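Both complexes shown next keep subunit A, but they swap its partner, so subunit B is in the first and subunit C is in the second.
Let's look at the complex of A and B:
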C-alpha cells in the first residue's frame, strides 16, 4: 500500500491516526468520518461537512497517547468552541507535522479492541477484546492465527469472558456480529498482505447502535 | 532433503563417543542396539577404546571401511563442527547430536547451534537434535537411545518429544497404564533442523502409526506446523501436550530447550484452528493417546453411563464439562427397557445406576440389560461402563469375560473405568481389552479419553480434512 511504502521511505515506525484509518478503510473496515485540517479556514469547512457534534484530535505520527497530552476535545457543538479547541490543540502539539483531525462524534457505550500482532512463531495473529481502559485493566482478549474464517471470528468473540457485552443488554441493541467478524477477518488480511505492518491497534471500536466503527487506530510498522 | 530414511532406517550407523564402560551413554546406546537386535552395521568410534560389546572399535569416522548412513554424536559441543566435515567426506546423510549447551545454553549456544545447522546443510546433511537422547522404533528393532530402555511394546501410538529423558520415560509410562504400546518415539531435542512438521510428514506414511502425541515446549516454524499437522490429523489424530502455561513454566521452557515462547492464548487458538487436540497434563495426554492408539472414534458428545457405583458416575460427570461432553438424555423406550433392572423407588435415567438392581438380578444380567438398552438409544454417542473391582470376588462385580462378549456385540464404542488395586484392574483389563473395550483405571481417566476423542471430532468438523492454508 502507498501510505505504508511512503511512511517506510520516510523512516516512520508508526502511521498517524488519519493514515492508519486510511489503511483500514482501504480494506472496507468502517471508520469514523473525518477530515484533516491545518488552519481555521479548513476547520470551518470541515465542521460543516461533518456536522456537529464532533471531536477534534491532534494528529501526527509522533503522537500516540493523545488523551494524556490534552490533544482530544470531545462533544464540540459550535464554530466558536471548535475554533478554541483547534487553537489549544495546535498549541499543545510539539511535533513537526501538526494537524487536527475533525471527526464525527460516534455515540456508543460499548468499547471494544481489535488488533493485529505478529507473533515470532505463528506470524500475523488477530486480537479481540474489551476496549478502552478495560483493555489494560482486564486483559479480556482472545487471539486467532490469520487467515481467519468467519467461524474463527465468531468463536474468538465468544471466547472473551465479557462476551455478553455483545448481546442486547440494558436497552442496547445486540452488536452486529457479522460486521464485527468482517473487521476481524480483514485485519488478518492486512497482516497477511502487508509484511511491513508489525502491529495494528484499533481501540476503541465503538458499537454505535448495532454497528461497529473504528474510532481510533494505530498502525505500527517494521522498518 | 525430505527423505528421513537415513535417520529411521539406516543400513549402517556410527556412534562417535562410544564407550566400553557400562552405564556410560556411549555404552548404553550400543547395548540397546545390540540387545534389541538392530539389523544394520554398527561402528563404534573412540580413539582409545577396546572393542565394545564384541564390536570392533574405530578411532575415527574416516577409518570405517564401509558406507555410513547415520552418525550419532555423543561428543561435546567443541567436536561437532569438525565431525561434520569428516562425515561429509564419508557421504553421511544424517547426524544425531546429543550434546546440550546449544540454544538451551544462552546466546552463545544459540550462535553455535546456528553454525552447526549451517555447516551440516552445506554438505547436504540433516540433523536431529542437538540435546536429544535419540529415538525408538520397536517394529524394526531400532532402539537408538542413550537411556537404558525397557523393551517397548509394539502399538499404534507415536510420540514426538522435545526433551530427552522424558521421551524414553514416556514409553514406560504409557505401557504401564495397561498394555498400550508404541510405534515410534522420537526425541527432537532443540529441533535445530528437523522439526515436528518433518517428523509428522514421515509418520503420516508410517503404516504402524495411527495417532501422534507431541510433547513440545515450543512450536518451531509454526505456520508450517499448523498446515502440516491439520492436514495429517484428518487421518491420524494429533494430540499436542504443551506445558508452560504459567509465566514461570514458560520461563523454564525457555531455558530448557532455548524455546521462543508464544502467548498461551495464541498457541491455544492455533491448535484449535488446525483441528488438533490439546492436552494440559501428562495424564490427560496419555489418556487421550490411548484412545486414539486403539482407533476409537467418538462421534458426538452424548455419553451414556452404565455403572455399579454412583460415586464413579459423579466423578465422570464432573470431568465431562471440560471437554464439552454431556450426559445423554435417554429416550422413553430406553427407560422402559431399564424398568426390569430398576428398584421400585428409582426413576430410570442416565447415568444408569444398576447398583440396586444387582441385588435382585445379579451383576451380569443387570449390566447386560443396561448396556443393550443404552446402546439402542439413538441419542447416545458412546457408552461409559464404570465398575468397581476388588481383591476377591464380589457379587457387585460381574464376570467381565461375559460382559466383554456383550460389549463386543454392541454398535457403539464402549469405554470402561475400573477402579481398584492394580492387580484387580489388570485382571479385568485383560478380559475387556481383547473385546475392544478401552479400559482405564478410573472415571476421570476414562472420561478424559472420551473427551479427547470428542475434541478430535470437533476439530475435524472445523477443518473438514483440509490443511490450514487450504481453507
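Let's look at the complex of A and C:
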C-alpha cells in the first residue's frame, strides 16, 4: 500500500491516526468520517462537511497518548468552540507536524478493541477484547491466527469473559456480529497482505447503534 | 511420501537394532536393551557395539552393516559426534526409521550442535527415514510390545486407545505413571525431543490412520511451525479427539511494543486461540489432560449437554452439579414418565428431581436399579453422572447396579465417582471400567469435568465436520 511504503521511506515506525484509518478504510473497515486540516479556513469547511457535534484531535505520527497531552477536544457544537479548540491543539503540538483531525463524534457506550500482532512463529494474529480504559485493566482478550474464517471470528468474540456486552443489554441494541466478524477477518487480511505491518490497534471500536466503527487506530510498521 | 510410509514401520518394526547397546548398567544402552528384551518384543533385536560379542544373551555386531538381515528400526544411543556416521550407515542399510536418544545437538549453546542437527536432518530426509528425537527418552508402542525407550517400566502401562505425543520426557514419565495408578490404557507414548524431522504435525498425520489410537494427547511447550500443526489438525476434521496441555502460561507480551495488542499478546493466549481454531481441546493441567483422555477413550459422545446426576448422598451430587453448570452442562428436567417412576421409588422426603438423592433408597438396590433404568431411557438426558460413597451397610450397592450398567454398555456416557476405602470396591469398579460400563474418577469434580470435556469434544466434532 502506498501509505505504508511512503512512511517506510520516511523512516516512520508508526502511521498517524488519519493514515492508519486510511489503511483500514482501504479494507472496507468502517471508520469515523474525518478530514485533516491545517488552518482555520479548512477547519470551517470541514466542520460544515461533517456537521456538529465534532471531535478535534491533534494528528501526528510522532504523537501517541493524545488525551494526556491535551490534544483531544470532544463534543464541539459550534464554529466558535471549534476555532478555540483548533488553536489550543495547534499550540499544544509544540512543533510536531501540525495538523488537526476533524472527526464526526460517534455515539456509543460500548468500546471494544481489535488488534493485530505479528508473532515470530504464528505470523499475523488477530486480537479481540474489551476496549477503552478496560483494555489494559481487565485484559479480557482473545486471539486467532490469520486467516480467520467467519466461524473463528464469531468464536473469538464469544471467548472473552465480557462477551455479553455484545448482546442487547440495558436498552442498547445487540451489536452487529457479522459486521464485527468482518472487521476481524479484514484485520487478519491486512496482516497477511502487508509484511511491513507489525501491529495494529483499533481502540476503541465503538458500537454505534448496532454498527461497529473504528474511532481511533494505530498502525505500527516494521522498518 | 516415503517418510510417512516409513512411519508405520518405525512404530511397528519387525527388527530393531540398538546402536550403542551395552551390558553396563551405567550406560543408557543397557536400559534400552532391557526395555526391548523385558518388554516382550517378539521381533528380532540386534545389539550393535564394536566392543562386545554378546549383550543380554543376544549376539552383538560391530556395526549395523555386519548384520545380514533387514533392520527396520535403529535406536541410537551414542555420543553426538558419532551420530552422523551412524545415520549414513543406517541409510545405506535401508533402515526405515530411527529413534535418536542422544542429546547434544541444537539444544546446546555451541553452534556446532545446530550444524550437526542440520547435517542429520539432511541425511535422514534424503533417505526418507523418520527420526524420533534427538534428546528423547524414546517411544513405546504398547500394542506391538515395543519399548524403544530407556525406561523399561513403560511396558507396564496398560494397552489402550490413548496416544501421548510429548515434548517433555518428564511429563511423559509423569503421565505414564499416573496412567498406571489410574488404570488408564495407552496405545503409544512418543517423546518428540528436539524434532529432527518428526514434529506434532507429522505425528498427527500418522495417528489419523493408526487403528490403535482413538484419542490423541499432546503436551506442548513450543512449536517451530505451529501453522503446520493447525493444518494437520484441521485435516483430521474432528475424526479423533485431540487434547492438549501447554505449559508456559506467562502472559508476558512484548514489552517494547508500541501497541496495546503487541504488549498484551502473550504466547500462551495465542496458542490457546490457535488450538481453539484448530479444534484441539485445551486443558490446563496434567490431571485434566489424562482425565479427559480417559473419558474420550471409553465413552460415547453425548448428543447434548443434558445431564442426570444420581447420587447416593446429596453432597457429592451437589459438588458435581456446580461444576457441570459452570462448564456449560445442564442439569435437565426429567420427562414426566421418568419423574413418575422416580417418585414411585423414592419417598417424598428425598430430593427426587434432578439431581436425584438416592439416599433413602440406599439399602434397596432394586430401587436404585429402577431409578437408573428410568433415567437411561429419558430422552432429555444425554449423559449420566453417578456418585456413590461406600457405607458399611451398602457394601453390595455396586454389585446391585453392575448387571444393569454392563448390559446398557453406555448407551449414553456414564461417568462416576464411586469411592470406598482402598480395597473394598476397587476390583468391582475396575471390572465395570473394563467392560465399558462406565468411567470412574476419584472425585465428583473430576467426574463432572471429564463429562464436560466430552461435551466440548462433541461440539468441536460437529463444527469440524461442517468444514
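In the analysis below, the second predicted complex is superposed on the first by the 221 of 223 C-alpha atoms of A that agree within 3 Å, B and C clash if a C-alpha of one lies under 4 Å from a C-alpha of the other, contacts with A are read in each partner's own complex, and residues count from 1 in each chain.
One rule holds for everything that comes next: a contact is a pair of C-beta atoms (placed from the backbone, for glycine too) under 8 Å apart; a residue touches a chain by one contact, two chains touch by 3 or more.
In this text the structure is predicted, and so the values were computed from the model without any measurement.
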item	value
Touched partner set for A:156, first subunit B, second subunit C, both or neither	both
Dominant toucher of subunit A (residue count), subunit B or subunit C	C
Partner chain in contact with A:144 - subunit B first, subunit C second, else both or neither	both
First, second, both or neither for A:13, with subunit B first and subunit C second	second
First, second, both or neither for A:218, with subunit B first and subunit C second	second
Which superposed partner A:121 touches (first subunit B, second subunit C, both, neither)	both
Where subunit A meets both subunit C and subunit B, residue numbers	119, 121-123, 125, 141-145, 151-152, 156
Contact footprint of subunit A on subunit C as seen in their complex	222-227, 230, 251, 253-254, 257-262, 264-265, 267, 269-270, 272-274, 276-277, 463
Subunit A to subunit C touching residues, read off their complex	13-14, 64, 113, 115-117, 119, 121-123, 125, 127, 135-136, 139, 141-145, 151-152, 155-156, 159, 198-201, 203, 218, 220
Residue ranges of subunit B touching subunit A (in the complex, touch as defined)	218-220, 222-223, 226, 260, 262-263, 265-267, 269-270, 273, 462, 468-469, 471
Residues of subunit A touching subunit B in the complex	119-123, 125, 141-145, 147, 149, 151-152, 156
